[in-house]
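Chains: A, B and C, in written order; residue numbering restarts at 1 for each.
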Amino acid sequence: MKSNQFRLDHLAKLVQGQVIGDADLLLEGLASLTQANSNQISFVNSDKYLDEAISSQAGALIVTSEMQAQLNQHNNFIVVQNPYLAFAILTHVFESKTVQRGIEATAVIDPSAMIGDNVYIGHYVVVGPHAVIGSNTVIHSQTKIDEYVEIGEDCFIDSHVTITGRSKIAKRVRIHANTVIGGEGFGFAPYQGKWNRIAQLGSVQIGNDVRIGSNCSIDRGALDDTILHDGVIIDNLVQVAHNVQIGENTAIAAKCGIAGSTVIGKNCILAGACGISGHLKIVDNVTLTGMSMVTGSILEAGTYSSGMGLLENSRWKRTVVRLRQLADVPLTKLVKRIDDMQAQLESIESTLKLRK
Amino acid sequence: MKSNQFRLDHLAKLVQGQVIGDADLLLEGLASLTQANSNQISFVNSDKYLDEAISSQAGALIVTSEMQAQLNQHNNFIVVQNPYLAFAILTHVFESKTVQRGIEATAVIDPSAMIGDNVYIGHYVVVGPHAVIGSNTVIHSQTKIDEYVEIGEDCFIDSHVTITGRSKIAKRVRIHANTVIGGEGFGFAPYQGKWNRIAQLGSVQIGNDVRIGSNCSIDRGALDDTILHDGVIIDNLVQVAHNVQIGENTAIAAKCGIAGSTVIGKNCILAGACGISGHLKIVDNVTLTGMSMVTGSILEAGTYSSGMGLLENSRWKRTVVRLRQLADVPLTKLVKRIDDMQAQLESIESTLKLRK
Amino acid sequence: MKSNQFRLDHLAKLVQGQVIGDADLLLEGLASLTQANSNQISFVNSDKYLDEAISSQAGALIVTSEMQAQLNQHNNFIVVQNPYLAFAILTHVFESKTVQRGIEATAVIDPSAMIGDNVYIGHYVVVGPHAVIGSNTVIHSQTKIDEYVEIGEDCFIDSHVTITGRSKIAKRVRIHANTVIGGEGFGFAPYQGKWNRIAQLGSVQIGNDVRIGSNCSIDRGALDDTILHDGVIIDNLVQVAHNVQIGENTAIAAKCGIAGSTVIGKNCILAGACGISGHLKIVDNVTLTGMSMVTGSILEAGTYSSGMGLLENSRWKRTVVRLRQLADVPLTKLVKRIDDMQAQLESIESTLKLRK
């Protein structure tokens, strides 16, 4: 058995599933239904992929018992309640990991910094005075950990990340490449036609198990801190302005922007490219569909949307012409007028009948 | 008196304000009304924060004289005309600054580069041939100053910034982490189904007191230069394409994008995530609200907007269905028809009355 | 003749054009019509620039024969069919190039990496184990080429780029500063209120002649690869999520975002800041205008748009009020009712006439 091969029953045990078929089957990879070969295991995420499952070359399939009953072309299964979760767990088994430990000789670490055990610090990393880096944390090459920044245990920080502004980062946090944490918030007091910079005195607090994608900007607070609570997950190219607070387990997709001092609740989901104005409150369990434009607080859980969607260009032009006339067309009054006219008409008709 | 403590009368003098209460009171921090303790000073930005001010634990408050009259629960004040401006000024007093000077041994500086007095150049900075860096300028670790780039005096450049394309940067400019100045503009000539790259021969000119946030892209011009005039302030994740010109003191919030060759006037304000097409002209004193979509020139000062705002999802769906019918509903003709019918109705009714 | 001077007939030959005027004229730069001086050559892109051409100080002009006939104020021309293409070609002649070759002593290259001939690898570049870098490829300072990444011949990679996730990059690819290729896709399985990270096992494949701007994020696939086919060009600050596929010669302007598993065809053009949802299919030859919001597949070639465009703020407010009433205004039924009432009215009127 090669090092990257696993028996079907071993994989089933990892996901608390039941084996159907050849428990000894050796599998050496996880693949999509359409790409998998007979040495690989795949998964069926929902009924709409049953056709792909039927024609898949995968050596084994992760399915629900209902799906399994419809896949008699296949012999080897792991049966679970939640195939997607089982798949998520198995990705970690098949991930090729290079575990690096130690501090590269080219890293520049200030003598006053405190470095935990068993860390990896890559080439050309710079760690400033009084910084703290927890045990088992991995920091990839060329990253900058500025003075007084604190990073907890078991974190993963990729290359070219800048962490500054005295940010405090808890445990098991993942920060992807080229992201900036703790940059200066965009605060200026206008006076006599010029912008007077407000030095940003707050910091950033990041909870446990937070995940931040690449090329994000998470600014430090003006006076109080910007706060990402435990379990928040953030995709790429996201802007989080100064003094924003984001509640536990809220998920934010790529290209969202959240303006200053807005407070977002727990378990919210922001689809891609949403824009949220500053100084708003969004309660727990709010879902925003893609490109939503939020200019007021959201005080009730639910799903919210904006945007007109896509139109063929010539139809879009006609639609926009009409849309822009709306300001001059009192729609509800129009409906009222039509109702009134209909009543008038009926009255006239009955008058006419009476006089017949 | 500790090094980070200041007397109330000293702080008042810095903001040209008047002390009421204990002029000798020692203050060691600036905080928001809700977070401040008795060793800290806070400020009241407008009347709507008076309730927070009343219950604040702050040792002293920065207020207008009108506010002061309503805050008899408090004893110590600095009275000014513009509390927000006073706060902005005092942030610089309480900012913890580590003044670094000198050139780190790990910085690679081409012998032909000209470096001013009293600079700081951080670890692993690379400064290319013929670059110029002005006196008192601070360049943080791992930044790249490419050949022929010129940076003036008293600038602040954070980590992982890339400045290339022979950009010329004036005095007191601040550029935050991971921003790219002078990258190649997106210019391609289509020919026979392929894109032929146009080498970008222009540069970037950045005026005095300009501020650029993190993760921004400011491209060099195609032939002429991209120009940011004095006092322009730009937030994070902003795109400024080749040959854009931005007038003095214009403010651009996060996630805006300005396409090629557009010229924006002075004292404009672009809220977050606005998109502006290329080759447009926007005059002075234009304000765009968040997520505005600008596809034509703006020739009159004023405030402009776009977007339908947010709707609860099921209502949004109904709205969009109707919206997409608009192309087939001649709104203004409809109003005309209703007017005509009403006239007809009235004429019928008077006829009926006459015949009574 | 100085090294950066070229004879008019030499330039004409490069673009397969015909000289009119002084073939020996020496030119030392390419400039826009309004900025050019008598030592420079300029080009006229279309008839709408004829006025600028007439008053231009350029020593020579690149024009069509039709344009030339209208420019008798000028003496020296290169006549071609496509002046813009000729301009694109000549930008490469006038570009000041510093050809760097060799590996800087400060670059850290793993002994197992394979480096081609005649490369340039800049200061503080880190090249990981088993990476491959093709001949003539230029990698600027402080860039990170992670383990197992493969880069072909004649590529250009600017500073602070992070290439990871075992990405495979073909020939003549250009990647601008601070871009991240192969970062982890945003994949999480929700379970019991938490987000369970899905390790991303796919990679990124980038074809020949692809161009990617600065501050972009191109994520690695979850199981299969993210794929950019030959000739794709991408501007700055663009998000390409895991498992996206982009067809040959498709152009994507700044600030677009493409969500996971969407497949885009060949020869498409996405203007700036478009957002495309996940798991969609967009066929060949689709053009999206700026800020388009795409939530469904596009199965027919053509131009598509969304957004209401810009309105003066007070008019926008009235428009949005009406727009938000649309959900309660059955537009097409309203038209039907008006038609019905008109019929009724006409019937009443003829009744009245009969009874006269």
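Just so we're on the same page, a contact is a pair of C-beta atoms (placed from the backbone, for glycine too) under 8 Å apart; a residue touches a chain by one contact, two chains touch by 3 or more.
The model shown is predicted, which means the values in this text are computed figures rather than measured ones.
**Student:** Same residues or different residues: which describes how chain A and chain C meet, taking over half shared numbers as same?
**Tutor:** Copies use mostly different positions to touch.
**Student:** With a Cα-based fit, what is the angle in degrees between chain B and its identical partner chain C, given to the nearest 5?
**Tutor:** Superposing chain B on chain C takes a rotation of 120 degrees, nearest 5.
**Student:** I'd like the Å distance between the centres of chain A and chain C, where a centre is the mean of that chain's Cα atoms.
**Tutor:** Measuring from centre to centre gives 25 Å for this pair.
**Student:** Two or more other chains in contact with one residue: find those residues in chain C.
**Tutor:** Expected reply: 124, 142, 160, 178, 215, 237, 255, 289, 307-309, 311, 323, 326, 329, 334, 338, 341, 345, 348, 352.
**Student:** Where on chain C does chain B make contact in their complex?
**Tutor:** 29-32, 35, 82, 84-85, 87-89, 91-92, 94-95, 98, 104, 106, 122-124, 140-142, 158-160, 174, 176-178, 209, 211, 213-215, 231, 233, 235-237, 249, 251, 253-255, 267, 271-273, 289-291, 307-313, 316-317, 320, 323-324, 326-327, 329-332, 334-335, 338, 341-342, 345, 348-349, 352
**Student:** Using the touch definition from the top, list the residues of chain B that touch chain C in their complex.
**Tutor:** So the residues of chain B touching chain C come out as 108, 124, 126, 129, 142, 144, 146-147, 160, 162, 164, 178-180, 183-184, 186-189, 191, 193-201, 215-217, 219, 222-224, 237, 239, 241, 255, 257, 259, 275, 277, 287-289, 292-296, 298, 302-309, 311, 315, 318-319, 322-323, 325-326, 328-329, 334, 337-338, 341, 344-345, 348, 351-352.
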